[in-house]
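Two complexes, one shared chain (chain A), two partners (chain B, chain C).
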Partner chain A sequence: MTSKTSPHNGIPQLSAQIAPLLLVCALVFALPLILNNDFLLNKIARYLVLGILTVSLALSWGYGGILNLGQAMSFGIGSYAMAMALKLKTIPVHTGSGGLPDFMVWNNVAQLPWFWMPFKSLGFALVAGVLAPALVAAALGWFVFRSRVTGVYVSIITLATMVVLNLVIIDQQSYTGGFNGITDLAQLELFGVAFDAYGRATYYLVAGCVMLSLLVAFAFTHTKAGLVVQAIRDHESRVRYFGYDVAAYQIFVFALSAAIAGLAGMLYTIVMEFASPTFLGVQISLSVVVWCAVGGRQSLVGAFLGAVLVAGMQGALSESAAFLETWTLVMGALFVLVVLFLPKGLAGLAQGVWRAIAQRRQATQEVAGTVGQTREGSA
Partner chain B sequence: MRAAGKRFAGGRSHGDSRVDQFIEQIITGLSIGSILLLVAMGLSIIYGSMGIINLAHGEFVMLGAYTAWLLQSHFGLGLLASLVPIFIVVAAVGWIIERYVLSLLNNRPLDTILATWGVGIMLQQSVRLMVGSELRYVQMPPSLSDSTDVLGFSVSSYRVFLFFVAIALFAVTWLLMNRTTVGMKLRAIMQDRSVAASFGINAKRVYALTFAYGAGLAGLAGALVSPLKSVSPDMGTGYVVDAFMVVVLGGVQSLAGTVASAFFLGELSGAIAFLQNDTVAKAIVLLAIVVLIRFRPEGLFATRVRT
Partner chain C sequence: MTRHLHLRDISVSFNGFKALDGLNMSVGKGELRCLIGPNGAGKTTALDIICGKVKPSAGSVSFDGVTLEDMEEHQIARVGVGRKFQVPSVFRDLTVAENLEVARARRPGVWANLRWDARRAGREDIERLAQLVGLAEQLEQSAAHLSHGQTQWLEIGMLVAQDAELILMDEPTAGMTAHETRKTAELFVRLKGRHTLVVVEHDMGFVKAIGDVISVMHLGQLLAEGTAAEVEAHPDVRRAYLGSGGITNA
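Here is the complex of A and B:
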């Protein structure tokens, strides 16, 4: 028996499970110490944010069994909440009376619409960026899970809902900035710290949120509710027969996942310095699914690293168009191979290798032990 | 729904009374519906009989359109003459994909979404690398490029032709499913795969054929719509969503339901696009489908199947 596994089923103990998570967080925090390039740090911060988004999907898909093909909807809502607040803080150049955003002036809107009003308060925006996606998800979850819609149909509903919101945002140009999104934003200022997209402060803010969301997700999966959610994923009706309110648990994990995605969306606006309808597009939603599958949907750290590595690789290759095109092809092939042969992703592969090493060590130790005993006996 | 609206290439020939407008809308809707039906039929067969949500379906449509372009621009073959080779080419691609990817995912329906999506990316990207991403154009058959008189309205002959092709392909598919041995075997597998296998039916082979047939139909659809719009590597993405909605609305395992829902959605999106605009039409149709899945996941026109 090695100290890393519990005596009964070979599941790593809590300390062994949280170790890789803390290691990754430490690496994320340590990176600026060795990397002295603000431009590169901004890029990496962007991949880290996408990592948070992927963790949120791992929570609902890998742990809850809910394949949300519209995960980017929550991401987009968070992103727009932040962008709306920052837009109202820009120094007026083309603005109308009362600091009306420039695109509204161009679209002949005379007065700030009611749903923009509360965003004059930054505090409201920060809360709304997390709470609004969670509430939307809870409402959608109530609509879907209460009627026991499962599997593929959940995916279609989430995808369709996201597309509708995307269409509405593009269509209502005078209130949302339409296809161009919301650009030309002020810098976020919190407690006297200005978060410049290319500054260290922003990187550490993102790093802190990475740690926060990984820990929150990790903690949730180890509560009783988290275990029930995983049981629902494995056998829904069995859990229902035990008397659990299956829909309530599904709605909760769905909303929690949306809240984390909303947080990622807010950070994305800060890092990218704009919000765009593409943030809640089909493309990003499906990319998240790929990252999650490649990294390992049932591993929070795996999903996070999957996003950072794959998105990072894509970003590095996007300098050259020909490379990027080939890369997309390789990506598709890689994805198909992972789905076919590694349903638990790279994290599953790593766990398998780790377990094999541990078993072999254990076996040699046992052999050594018996040899020692026989020697003692014969002596 | 998505792109087909507003493309109605006809024109009113007389009066602008309400009745005329109404009839014109009906004709537009029928035209949209026949394109939807063409694209959705292959998807419906694959989903209904194999339970596979084929996200690469749009790419099969795209492959069909590109094959049409290739045959026309490099071999001088007209669209009508190249329909059979197009069907064979795309069906072969489908057969390979079923044989080497999907058959490995027997009991993991959710994973087939992911796998087919990955395959779709690969197909799309391969085409982009091989022939470039610029728009290509396929010429309409000269014999069909004029217009026909329908109920006093002049409608593009090609649109009328598409309508009848869609109906004809539906009839062929129905006969294949219900009047041939392969169709009977497929229906047996749908009811109970293991019992069918114990009667000596080779389920793997039937599945591969079914998938190939569905892919071939998608290829035909792509070739047939290619003269109406430009051909590009990502043209399939829009179609797959629309086609999927048709299948969901029509009810799984019901070919007749697919026809009904294709024309229903065609008329609906035509009407809403007329009253509002294209974006609102898309949004309302999508919302309607979300609500529909919530209350009738088996589809509007589902037939009860013994399980």
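Here is the complex of A and C:
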């Protein structure tokens, strides 16, 4: 056996897989050094946040085989958790008596509703922004996966659940700000650092969370549990006969994915300076699916870059109004093309090219090696 | 011999058709039992009942005193039942090593498998297993790229990795060359004693090479039981195989 040269002990393989991830993180951190434009950095931070959201989908869809069409629901919950806390911190000019949010005053709400109370604590909001989406996902997953719902039905249920929550938020205007969302927020302040949406601190906060999300997702996919989740994706029923409780693994990856999406949602509120029901809308939820497919759903870095590149492209092109209308068409076409010709997305393409180069290099080395040997032999 | 595995009066019907019709069968601990019978006799369904894939409409299954028929598939697996399917079922997008690793389910819970050290420990075991089933060179290859025979071997390796006390094999040598079949027979003989095996097989040569006791099924019932010679001489068995070219060509 050739265990010396092949990556049988798993270590070289692991470092080869984590290298692109660290490289991307380094680039994200280095960007402000060469880009001295706060407006542009804010825009890029937005795309990075959408990248985190797409990584969360890659985890459930690419690794777990669960196509969550309501991924933006977790994103929205995180976003509202952050917005509620920051709304309660706004200076009294913008709020009613006793710190009551302005839109509640306009809607004749006399007292802060009970579910707003805990958000007076920023610590609670930060935990809730990650934990609440995870718990909602776990509860939904418990019903869905325990009753062995699979495939397209899971997608429909997740999409429907998100639409319902979206409608409830719009409908309950006096408690949620309704269609307008929650605006006029205070700046986040943590450990004496103020996170201005257009400041470097916010950019680095986002960059740090990019790295954190990628590393957590990477770590999970490389545990045995992550492997079992991939086995479930390949052949769900077979996994059961090895003694694994399939539903438990599906609920876990579904909830982990929701937690990361919740983190992205919180950051989105900071970068955008408001929360809106559109954050948990169908449009963004479907966009995430396209970004994930374009980048490569079975690659965390691929999914991340897919989002940053496609969303960035959209941002750049949307300066011209004529193009904005055709954008939906472009997105649709892109999705169809990728599904047909690049089932593993850009990441799959990159891997293929990389492998071809490596093989070629190996082949030339082998030729050089034999030439060297024959020379030695004749000498 | 103690009643290690016991099926009592099992009946199953699919849309009114009785695939199993009062099946009774016992297998002792450490035994290698071959299960034969003409096509459609209900052999696969019998294995499905044991591993929980199909629930019986009547009757009960007990394994080491544990009643199986009301348990979920993963719970049945956890009490020590492993299953190889007629159509080889492996994880095609995972490598050979990863397939074996999934099968090696010592601690099947989610939390236990989130630990980083959970994977390294089994590596040597997996390399040894791959060698056992002749896939040492393919360890890092995706299972989708294996030949049919290799896929059969991989699934057999996965069952050894699972280390279940009771192993159910459904036509394990289908698609194998004569040489591969012989190797499989050797492996099964080695496994017997430490594991209890129930093997569904068509190839009588293979059955004779591995089996002590042979159970013959017909029309969802147990028709006869005994050594190869006894079974072949049994008048009911001869009648059941009539028209299908005799027992050897079933």
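Keep this in mind: the second predicted complex is superposed on the first by the 353 of 379 C-alpha atoms of A that agree within 3 Å, B and C clash if a C-alpha of one lies under 4 Å from a C-alpha of the other, contacts with A are read in each partner's own complex, and residues count from 1 in each chain.
By our rule, a contact is a pair of C-beta atoms (placed from the backbone, for glycine too) under 8 Å apart; a residue touches a chain by one contact, two chains touch by 3 or more.
Fair warning: this is a prediction, and the values are worked out from it, not measured in the lab.
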{"item": "Which superposed partner A:D245 touches (first chain B, second chain C, both, neither)", "value": "second"}
{"item": "Which of chain B and chain C A:F39 touches, first, second, both or neither", "value": "neither"}
{"item": "Which superposed partner A:R233 touches (first chain B, second chain C, both, neither)", "value": "second"}
{"item": "A:F191 touches, of chain B and chain C: first, second, both or neither?", "value": "neither"}
{"item": "Touching partner for A:F115 - first (chain B), second (chain C), both, neither", "value": "neither"}
{"item": "Shared contact residues on chain A - chain B and chain C", "value": "none"}
{"item": "Chain C to chain A touching residues, read off their complex", "value": "51, 53, 72-74, 77-78, 82-83, 85, 89-94, 97-99, 101-103, 105, 108-110, 113-116, 118-120, 123, 127, 131, 136-137, 139-140, 158, 162"}
{"item": "Chain B-touching residues of chain A, taken from the complex the two chains share", "value": "67, 143-144, 147, 149, 151-153, 155-157, 160-161, 163-164, 167-168, 170-171, 282, 286, 289-290, 293, 325-326, 328-329, 331-333, 335-336, 339-340, 343"}
{"item": "Residues of chain B that touch chain A when the two form their complex", "value": "53, 101, 104-105, 108-111, 113-115, 117-122, 125-126, 128-129, 237, 241, 244-245, 248, 277, 279-280, 282-283, 286-287, 289-290, 293-295, 297"}
{"item": "In the complex, chain A residues that touch chain C", "value": "1-3, 6-10, 219-220, 222-225, 227-228, 230-231, 233-235, 237-246, 248-249, 252"}
